[in-house]
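Please find the structures below.
What follows is chain A paired twice: with chain B in the first complex and chain C in the second.
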Partner chain A sequence: MLAVRDLAVGFQTRKGPVNALRGVSFDLAKGETLGLVGESGSGKSVTSYALMGLLDAGGQIRQGEITYSGMDLRRASEADMRELRGREISMIFQNPRAALNPIRKIGHQLEDVLRRHGRASRQDAKAKAIAALEAVRIADAPARYHAYPFELSGGMCQRVVIALALACDPQLLIADEPTTGLDITTQKAVMDLMGDLIRARGMGAIVITHDLGLAAQYCDRILVMKDGAIVEQGAPEQLFSAPRHAYTRRLVEATPRLGASIRSLLPAEARRPEPQHHVHNRPLLEVRDLYKTYRGKSGPVSAVKGLSFQIKAGQSLGLVGESGCGKSTTSEMIVRLQDPSQGHILFDGQDIAATPAARFARHPLRRDIQMVFQDATGSLNPRDSAAAAIGAPLARIGRMRGAKRAARVAELADLVGLPQNLLSRFPHQLSGGQKARVGIARAIALDPKLLILDEPTAALDVSIQALVLNLLVDLRAKLGMSYLFVSHDLNVVRLLCDEVLVMKSGEIIEQGPSAQVMTAPQHPYTKALLAAAPQPPQRPTAK
Partner chain B sequence: MAQISMNKQPAASSQWHHILYVLRENPVTMLAFALLGMFLLCAILGPALVPYDPLATNAARALEPPSWEHWFGTDNLGRDVFSRVVVATRLDLSISVAAVALSFVIGAMLGAVAGYWGGWLDAVLNRLLDTIMAFPLFVLAMGVVAALGNTIENIIYATALINIPFYARLVRAEVNIRRDAGFAQAAKLAGNGDLRVLALHIFPNALPPMMVQVSLNLGWAILNAAGLSFIGLGVRPPTPEWGIMVAEGANFIVSGEWWLALFPGLWLMLAVFTFNLLGDGLRDMVDPRKRS
Partner chain C sequence: MSRRLHMILGRVAQAIPVLFGVVVISFLLTRALPGDPAAYFAGPAADAASIAEIREALGLDKPLFQQFLFYLRDLARGDLGLSLSTGQPVMQDLAMRLPASLELTLVALGLSCLIAIPLGVLAATRPGSWIDHLCRVLVTAGVSMPTFFTGILLIYVFYYLLGLAPAPLGRLDFLYLPPPSVSGFYLIDAALAGDWQAWLGAAKQIVLPAITLALFTLAPIARMTRAAMLSALSADFIRTARAAGLGQGKILYGYALRNALLPVVTTLGMVFSFSLGANVLVEKVFAWPGIGSYAVEALVVSDYAAVQGFVLAMAVLFVLLNLVIDIAYALIDPRIGLS
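And now, the complex of A and B:
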């Protein structure tokens, strides 16, 4: 149905031309689902934009052919492309909220599309829009017809976007990271829905994702991209059991999965024996009956309801849950950026919740509780160089000056594997993995006893994630820190943590040693979470 | 110590390179900075540059049209218009720079406090600023000068007062969106109290849009000061000042002596034009993200 031959795309930038795609060729048969997998910058999104004729200004197809059902898309006029988009080829974008018009009811947005393509008349548009909402399994569609995007959850919004994309029965659906930012159970629901619709309508589909596990589960065939070229393609089982290209092998190994150890995520040549960390039988942090209630528009909202747990010295505790379960609120209260409404936080036997968060900056225990933030980019001041960011806690709390501080910053950079020459750079000049390292270096600068890690790898590519996770394991053994690891990704938590807490709506619903919770979950919610995590096909773990 | 100085030097020279880059990349910015340089030269060296004493009258050569001897002609008392225009640069620029600096500092402090702590403080400050903005600003400035007295200081205070709301609102918005940013929280973890987080981490990030505001505001402030003098509130004759010169010259346009009002007016326009062009370039210079 779709044939791409030797496609090359270039961009004009301030620093001269950049080749985004270098000779990409593939075919898509009717009814086939193709997975386009690669890390950031591999050119997978550019491929889809080139297909849709939506390249940014400055982007240009240098050579190659795109044929869709016998039609040459490269030479099609803009008017033809407009007809084609939506009716024949449809696209689902990364951020469903941004793809919907925030000030128009979703029903009206559906009607717009239907009528624009002559699929509905003024009289039956509403009925057809409701039918389209029902097709994506939105409960109570006639009522939702009148909803605005902000009144819907992220998963609901993505369903509406899918309904929009499928409204005109396209033959080809392109989904660009359709579940990024969605919870894991929502991700499963959305992907299942999409898979069913694609199969029922016999459409061709291209699913673009960075998650190899997800692609393996939902695609018939996978293309692995790197630096603007396809390095390998094949069926998912074959790709996982016998990857031919070295890059595919690295990607497959770096994807956390059942039965993997943390070292096995790294490329074989970089594996060193995993260091053991020591768990003492003395509680470092004890949380007792922690409550947090916000004042909401319609009465008080309880974010955290009576949480009690402890972390032993040297132990790593995983805190797992979906968005809105209160895990971030909990970690912010422990790190003393927020005050609990009620309850105690004992650190080495001292109640740190007694000091208000606003005054905790000068508390003697400030240096012992540090945090690595979720968004490495947002957690670095755009005006500070890497060295200044790492040195900030040394200067304020450590009272280190001049050469002594510079030496410690250099030492920390070595510890986290950040090349010394990058220390003078500003955040926008660093890659995602490098920014994550700066954030970790800053957090461990004062040798804290407790490090809170709030989804430190959520925004990173899998190969970078593997490096950062291994770095954390090394640091834990070397410095004897305790970790509170907050995450939604059970596969990652299992690799790193001794014990795990599962949270839902502000309460702990299950806790125990991570191996036990992962293999024999008791609570139905934990079971659902585990089932929703995409699992790549089993393969013998490399030793 | 050796390491510190080694670290410092590339930082300073890279800032310098960045400024040069911005200037080279954008010819308009280059032009604006060239004009700014000229105005600064006039302001600093003005009296030494001009051919005549701006206050010296010469009844024999009154109301002469522009000539090689008197580039902008002479006024009704025989004073050289060119000398007066150039010498007035210092006064007009001082008034506007002082007024803008004053409103920058006060507005930034009010806005930062309102944006960071929010709550009732924010509400009270916002209503206060609304009240100022509810007046026609020029009329408010007139009222202030009329009430406080006709001095240069009072022109500065009046001009500063009517500009405070613009800064306060801009800073409030910029601070507010960064109040819970990751880097602000990280700064707290590094042992900074609220005040330090606000002043050293959040506020500097509001500088790029502030720079645009400052440069536009300098233009407005010059116009405002000249406007006050034009209607007789403010600088008094015979002090050379663009507003008064236009006002005095206006009386002679009917009788055909156009140069009296035209040249000070053009000079004033050029100054406002310069500051309006300056904004984008200044913003790019203080924004580290534009560096690469």
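And now, the complex of A and C:
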């Protein structure tokens, strides 16, 4: 149905021309689901935009052929492409809430598409829009017709985006990271729905994702892309059991999965024995009956309801749950950026909740509790160099000056594996992994006893994630820190944490040693979470 | 709907303390200004006794607090006092002059929007093109020339050289009778009265001052439209709309422009407030009997009642303006409630 031959795409940038795609060729049969997997910058999204004729300004197809059902898409006029888009080829995007017009009712957005392609008239547009919403299993579609995107959850928005894409029965669906940013159970629901619809309508589909496990689960065939070229393709089982290309092998190994150890995520040549960390039988942090209630528009909202747990010195605790379960509120209360409504936070036996968050910056224990934030880019001041970012806590809390501080910054850079020559760079001159290292160096600058890690690898590519996770393991053994690791990725938590807490609606519903919770979950919600996590096909774990 | 009405009433109620503050400050400020109205009105030949007499007649010999109470009492009755310079009740002066200023400002802003918004949209859809550069040149020229200069230039060209425009002597030529006052806006009142000759006369008079003011207000609106359109066009939902094959017009006006309107409306509100205050110069050049020139004249002679009345009228106007903008927000963007 779709044939791409030797496709090359270049972008005109301020730094001169950049080749985004270099000779990409593949075919897609009717009814086939193709996975396009690669890390950021591999050119997987550019491929889809080139197919749709939606390349950004400055992007240009340099050579190659795109043939769709006998039509030459590269030479099609913009008017012809506009006819094709939505009716023959549709696309689903990541970040569904932003992908919908924020100030237009979703029903009207559906009608726009239906009427554009002559699928509905003024009279029956509403009925057909409601039918399209029902097709993506949105409950109470007639009422939802009048909803605005901001009134819907992320998963619901993605269903609407799917409804938009499928409203005119296209033959080819391109899904660009369709579940990035969605909760794991929502991800499963959305992917299952998409899979069912693709099968039921016999469409061809291209699923673009960075998650090899997800691609393996839902695609018939996977293309692995790197630096604008396809390095390997094949059936998922074959890719996992016998990857031929070195890059595929690295990608497969770096994907956290059942049976993997944290060192096995790294390329074979970089594996060193995993250092043991020491858990003392003394509580470092004790949380007692913690409550947090916000004043909402329609009455008070309880984000955290009576949380009690402890972290022993040297222990790593995983805090798992989906968005809105209160895990971020909890970590912010512990790091004393927010005040609890009620309850105690004992750190080394001292109730730090008694000091208001606004005044905790001058508390002697401030230096002992530090945090690594989720968004490595957003949490760095764009006008501060890496050295200034790492040095800030040293200057503010450590009262270090001049050469002494510079020496400590250099030492920290070594500790987190950040090359010294990068210290003078600004965040926009650093890669995602390097920025994550700066964030970690800043957090450990004052030798804290407790490090709170809020999804520190969520925005990173898997190979970078593997490096950062291993760095965290090394640092833990070297510095004897305790970790509170907040994450939605159970596979990652299992690799790093001694114990795990599962939170739902502000309460702990299950806790215990990670191995036990992960292999023999008791609570149905934990079971659902584990079942929803995509698992790549099993393969013998590398030694 | 009743909930919305409730919120609007709440908004109006919130304005009451603001207005009271304005009353206090305008009262105190006018008193703090140098100059003695009694001495001014007594004339240069007056002796101390006659000045004191006038002062007593004006109530200026009473303690400040008592004067303030009298002022409040009059205000509660809707009496803004007598203007010393015109000899008329301030209320009547304002009722005459405020519509003149409002009419000029509204026509100018309407004109400005008609040009600036399409220009901004065009510039945003073709960044770097000749239309983008034209937009930039026009906008820069508009702000960099002071209004009195553009005003005089327009009069020179269109009245003196070409003779197309009528003499810049107020709102209506002496040939016509002002239409019976309903709204105070000549264009509306003349249309209501069916007096199309007067309407045409009023329209001819307003064209040049409105263009002068419009040129000045073009810049912020066009720039903001361009910037807001650029950011709206790069949003994810525009990509979705394009991927769904929607037409260019629908994407540009149905999707992008509506999303870009919010900052444009904000700018419009700001431009409206500053042009209403700043069009004194235009009013002077065109002998427009507006509120700006009235206030300046009153201030020069320490005409307390007139100045206070002017400040209060402006304050009420801005409260209303903000209310209108808030309602416009809520209409444009469903995410914004009126709470």
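The working rule: the second predicted complex is superposed on the first by the 543 of 543 C-alpha atoms of A that agree within 3 Å, B and C clash if a C-alpha of one lies under 4 Å from a C-alpha of the other, contacts with A are read in each partner's own complex, and residues count from 1 in each chain.
Quick note on the criterion: a contact is a pair of C-beta atoms (placed from the backbone, for glycine too) under 8 Å apart; a residue touches a chain by one contact, two chains touch by 3 or more.
From a predicted model like this one, the values you see are computed outputs, not experimental measurements.
Participant: In the superposed arrangement, does A:D375 touch chain B (first), chain C (second), both or neither?
Facilitator: first
Participant: I'd like to know which partner A:S40 touches here: chain B for first, chain C for second, both or neither.
Facilitator: neither
Participant: Applying the document's definition of touch, where does A:Q350 land relative to chain B and chain C: first, second, both, or neither?
Facilitator: A:Q350 contacts neither chain B nor chain C.
Participant: Touch test for A:Q522: chain B only (first), chain C only (second), both, or neither?
Facilitator: In the superposition, A:Q522 touches no partner, neither chain B nor chain C.
Participant: Report for A:R366: first if it touches chain B alone, second if chain C alone, otherwise both or neither.
Facilitator: first
Participant: Can you tell me whether chain B or chain C touches more residues on chain A?
Facilitator: Between chain B and chain C, B touches the greater number of residues in chain A.
Participant: Have a look at where A:Q63 lands relative to chain B and chain C in the superposition and call it first, second, both or neither.
Facilitator: In the superposition, A:Q63 touches no partner, neither chain B nor chain C.
Participant: Contact-wise, after the overlay, does A:A165 reach chain B, chain C, both or neither (first, second, both, neither)?
Facilitator: After superposition on chain A, A:A165 lies in contact with chain C alone.
Participant: Given the complex with chain A, which residues does chain C contribute to the contact?
Facilitator: Interface residues on chain C, with respect to chain A: 235-237, 239-247, 250, 254-255, 258-259, 332-335, 339.
Participant: Residues of chain A touching chain C in their complex?
Facilitator: 52, 54, 82-87, 90-91, 93, 95, 98-104, 112-113, 116-117, 148, 150, 161, 164-165, 297
Participant: Any idea which chain B residues touch chain A in the complex?
Facilitator: Touch residues, chain B against chain A: 1-4, 7, 10-11, 181-183, 185-194, 201, 204-205, 288-289, 291-292.
Participant: Going by the contact rule set out above, which residues of chain A touch chain B in the complex?
Facilitator: 14-15, 335, 337, 358-362, 366-367, 370-371, 373-375, 377-385, 387, 389, 392-393, 395-397, 402-403, 406-407, 424, 426, 428-429, 439, 442-443
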